[in-house]
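Just so it is clear, A, B, C, D, E and F label the chains in written order, and each chain counts residues from 1 on its own.
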C-alpha cells in the first residue's frame, strides 16, 4: 500500500473527524506555527539549492514558469464564465486561486517523491514562489480591467507582503545567504521535524476541508467538476512545460502538481481586499473542499504517472 | 536517586511555582498542542504494535479490560455515597472519573519503564483507549438510571467524538495502517520529542494541580482520602487482572497504573454535558488535585513493586 | 561571511519584514512557547554544569557578578539624568533595564561561540539569573528612595516570581537535580531544537524591534546614543570583571555581553508595577529598538574582540 | 443618525456549552451571534481559562425583544441551575433592522 | 456618579479588515479603539475562526455622536455590501469627556 | 421581560494589571468579573498585543450603582495617571438582581 503515506493518513483522519463533527480542532495559534515552520522550511531548502546555481542559469525556467502563472487564470476564466455562469468578479477570483499554488499540496508531493527516492530539482521552491503572485494580478485585471481606479500600490503591498510570500521569500534568502553548513544547527527544527509538522498541518487541513463540504451542496456541483477537471488540465500544462524545460521526472511531476494546485492562503487574503465583491465561499469551497483533497488523495500519483509518460519509456 | 525522573521534576516545578502563585502559565493553545502531540504519539505507538498482532488474538484481554472499566466505577460509587455522603449525581460523576483513565499518568508510567529498560506489552495504548469510555456510561446510568429520557445518541457523540478519544483512536489507526517504516519520517516529532513534550505538559499540569489545592479545603478531606485510597484499590484490581491475563511485569504495572488513574480531560467534558447537576469542582479537585500528583510522585513506583510482587520472586 | 549566522539572518529578516509593514506576525501563544523553551533550555544547561562544580567554589564569582548588577544601574542613572534630562523616575527605570540582562542576547552570543567552537564556562546561565534582579531593586530605590512606603514584599513577588526568572531558576534546579544522563530523553526538545527555536524567536524579535523604530523619532535621539554607548561601557566593565575573575575568553565575552545587554521582559514587567510613573515607551524603545539590534548585529563580535584583547596576545 | 432599537443579549458561560448554545440560539430565532473567549470569576469560583474545563465564552446576540425574551426564558430554564452563567440585556441601535 | 454621554460603536467583521478599519477610524476622528478576536455566525454563514480567512474581530470605539455618525456612514458605504459585518450603537457614560 | 437595572462597568487596560484589578474589584464589592484579551490604540499609542508588555485586557463587571461608583473612584485615583486605561459605564438589565 505505498500510496498511503502516513501524512495522507493524517489528512484522511482530519477529514473523517471533521465529517463526523468531532470536537477536534487545533488552536489558530498552532495552525499558524505549523504554517510558519512549513513555509520557512520550504524556503530554506530552496535557498540552499539556489546558492549552488550559477546566477542567471535559471532565468529561462523562471520566465517560463511566470508565463504559465499568467496563462492559467486566463484559461480558467472563460470556463468559469461560460460553463459555470458565474459573475465576472467571481470567475476572476476563482481563476486567480487556480492560477496560483498551494504550498500544502507542494509539500505533500515533495514528501511523496522523497519517500519513493525519486530525484527532483531542488530549486523548485523558487518556482513555487514565482507562481504565487502572477495569477493574482491577472485575476484583478480580469475583474476590473486595467482601470486607473485600481490602487496598484496598495494592492502590491497586500500581495507581496502577505504572510506566505514573505515567509517563503525570507526562507529562500536566508537559505541562500547562509548555505547548508551554517543551517546545520537549525535543521533539527526545519528539516527533521518537517514531516511531522506537515502531518499535523494536514490533520487540521482535513478538518477545515470537511467544514467546506457543507457549502458544496449550496454552491452547485459545477464547482466539484471544475475543482477536479481544471487541476487535471493544469497538470497537463505544467507537466508539459516541465518536460519542455528539461526537468527531471520528479521536477516535471512537481511542476504539474503546482499547476494543478489552487491557493487557499495567499490568494483568498488578497482577493478579499482587491475584489471584495467576489464571494469568498465559492473559491474556498472549490479550492479547499474539492481541489486540495483531490490532489492529496488522487492527483499526486496521477501527476507522477503523467511525468513518467511525458518522459517516455526510455527513461 | 533514580526516582526523580526529570519529567517528574518538571511536574514538581510546576506544582511549586503554582503554589507560590507565580505568574507562570502556558497559553491554552500551547497546552492543546502538547496534548495533541502526546495523544497522537501514544496512539501511533500502539497502532504500530497492533499491526504486529494476529487479528483477534487480543480479544480476551480487550474484553477483560472493558469489564474492568465497567466494574471500577461500580466499586467507587457506594464508597462515595456511603463514606463521602455525596449526592447521587456527584458520586456517579466522580465514579466515572476514577473508572476512566488519565493519559498523562500513563505517559509518565511508560517513561518510567523506558528509562529503567523494563519491557511491557507495546499494545497497551489500545487498553488505554478501551478504558476511556465504559466508565462514562456507567456513571451516567448510576446517576439517571436507564431512563428513556436520556438522549443516548447525543451522549454517544459527546463521548466518542471528544478530542482525546478521537486523537488516540486516530493515532492507533494511522499507526496500524502505516506501520513502523512509513512512520519513520514523522518519528522526529512524535517519538524523539515525546519526552520533552511530556515534560512541558507536566509543568503545566503541575501549575493546574496547584490551582486545585485551594478548593481542597473547601470540599473536605474526604476527597483527599478517596483520591489516594481508591487508586491503590484500583491498582490492586488492575495489577491482578494484568497478572491473570499473563502480562509481563511492565504490562502489569501499566494496567495497574491505568486502573489507579483518574480522568481529567475526557470525563469532565462528558459529565458537564451528560450530568450537568454534578459539581465539576468536586471531581476535578479529587482527580487533578489529589490523584494525579499522588500517582506521579508516589504511586508509580508502588505499582511497579506491586507488579513485581504479583509476578513472584521467580521472575 | 562567518558573521552572518543564520539566526542573525532570521533577526534581520524580521526587522526588514517589520519595517516594510508586512502582515507577518507570530501569535502571542507561539512567542510564549518559544520563550518558555529558550529559558528552560538555558536553565537546564546551566544546571547540569552547576552540578559538576564543588559547592561554594563559584561563590566569589557570584558575589562579584551581583555587585556588578548593582553597580551598572548606578552608573547609568546619572548619565540619563544629566545628559538625557530625563525625570528621576524615567532615568531610574531605564537604568534598571540596562543593569539587568537580555536572555535573547545571551542566547545569540552562546550560539555565536558554539558555531566558532570557542569554549566558555558552562555555568554562565547562573550568572544570567543572578544579573536579572539586582538592577531592579537599585532602580526602585533610585526612583523612590528607601521609603517605608514601598511594599517590598509585594515587589519581591513581582520580581522573583516573574515568568522569566521562574523558568530560568526552575531549569537550573531541574538540570542540577537530574544531571546530564537523566536529561538525555528531553534533549531532543530542549537542546537539539534550541537553535531553531532561537531562530524563530529572533524572527519575532525583529518584527517587534521594527515596531519600536517609530517611537525613536518621537523620543529624541538621546536614546539612540545611550542605547549604543552604554552597552559598550557595560561590555568594558563586564569584560574586565570576567578577565579579573579568571574566566576563559568565551566566558569573558559572555559576561561582557550580559553587561552590555538590556532587559526587555523581566524588568519592563516589574517596572510597570513598581514604578508606574515611568514611561514604558522610553525604556522599551531604547532596549528593544536600539540596544537589542545593536548587540545582535554589531556588538557581539566587538565583545569577542574585547575579550581577546583583555586576555592579551599570549592566549 | 437614525437607528432602530434592538436588544443586545450578552451571555458569559462555560466554553463547553458553545455548540449547544449556538444551536439553541438559532432555533429560538436569532439571526446570528458572536463568540469570544473569556475568563472570569463569579459564584462558581475562578474560571481562569487555563484549559478547556475552566474556560468561559462571551456570546452576544442582537435581536428583537421577543427573541430576547425567548432566549432569556430558555437559558434560565435549561442552564442557570447547573452551569456557570451570567446573562444581561441592553438596548442598542442598528442601521439595518431587517437583519436582526 | 457624574458621567458624560458618549456613543459606543461596536463592529463585528472579518479579521482581514483590521488594519484598514483602524486607519479608517482614526481618519474619521476616533481617538482610540479596542479590538478583540471573535467568531460567529450571520447571514454570510459560519465564521468559526479556524484560520485567518474565517476569523472575525470585534472592534469598539467610544466617541461623540458626530464621529459615530461618520463611522456609520463610512462603513455602510464601503463595507456593508461585500463584507461580513455587523455594527451597533449604544449609549455609555465616561469620566473624561475630553478623551473621547 | 421583567429585568432589574444594573450598571455594566467596562475597563480596557494593560494586561499587566489583571491580577491587581481582580483583587481590587472583589475588595470593592463586585460579585464577579469577566476578562478577555484585547488590543487597541489610544492616547498612549498602539498596543498591538504582540507580547505581554503591549497586551490589553477588557474587563467587565456587572454591579449596582454604588459599587460602580466605588470602582470608578478607585481606578481613577490609582491607575488613570500612569496606565493605559479606558473605562465606561452602561445600563443593563439582569434577571437575578441578587446575584450582582
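Convention: a residue touches a chain if its C-beta (ideal position, glycine included) is under 8 Å from a C-beta of that chain, and two chains touch if they have at least 3 such contacts.
These numbers come from a predicted model, not from an experiment.
Enquirer: What chains touch subunit E and also subunit F?
Expert: Common neighbours, subunit E/subunit F: D.
Enquirer: Taking contact as defined at the start, I'd like the list of chains shared as neighbours by subunit C and subunit F.
Expert: none
Enquirer: Tell me which has more C-beta contacts between its two chains, B-D or D-F.
Expert: Higher C-beta contact count between the two pairs: D-F.
Enquirer: Taking the mean of the C-alpha atoms as each chain's centre, how many Å separate subunit A from subunit B?
Expert: 41
Enquirer: From the C-alpha centre of subunit A to that of subunit E, how far is it in Å?
Expert: Centres of subunit A and subunit E (C-alpha means) sit 34 Å apart.
Enquirer: Could you say which residues in subunit F touch two or more other chains, in rising order?
Expert: Residues 36-37, 90 of subunit F touch two or more partner chains.
Enquirer: Would you give the residues of subunit A that are in contact with at least 2 other chains, written as numbers and ranges?
Expert: Counting only residues that touch two or more other chains, subunit A contributes 23, 27-30, 33, 188, 192-193, 269.
Enquirer: Taking the top-of-page definition of touch, could you list the pairs of chains it picks out?
Expert: Contact pairs between chains: A-B, A-C, A-E, B-C, B-D, C-F, D-E, D-F, E-F.
Enquirer: Quick one: which bits of subunit E touch subunit F in the complex? Just the residue numbers, please.
Expert: Per the touch definition, subunit E meets subunit F at residues 1, 3, 6, 8, 22, 26, 31-37, 60, 62, 90-96, 99.
Enquirer: Spell out the residues on subunit D that touch subunit B in their complex, using ranges where they run on.
Expert: 14, 16, 20, 44-45, 48-53, 55, 79, 81-83
Enquirer: Enumerate the contact residues on subunit A facing subunit B in the complex.
Expert: Those in contact with subunit B are residues 1, 4-7, 9-10, 13, 17, 20-24, 26-30, 33, 111, 114-115, 188, 192-193, 195-197, 199-200, 203.
Enquirer: Could you pull out which subunit B residues touch subunit A in their complex?
Expert: Within the complex, subunit B contacts subunit A at residues 27-30, 32-33, 36-37, 157, 161-163, 166-167, 170, 173-174, 177-178, 182-183, 185-190, 192-193, 269.
Enquirer: Considering the complex alone, what residue numbers of subunit A touch subunit E?
Expert: Residues 25, 28, 31, 204, 207-208, 211, 215, 264-265, 268-269, 272-273, 276-277, 280-281, 284 of subunit A touch subunit E in their complex.
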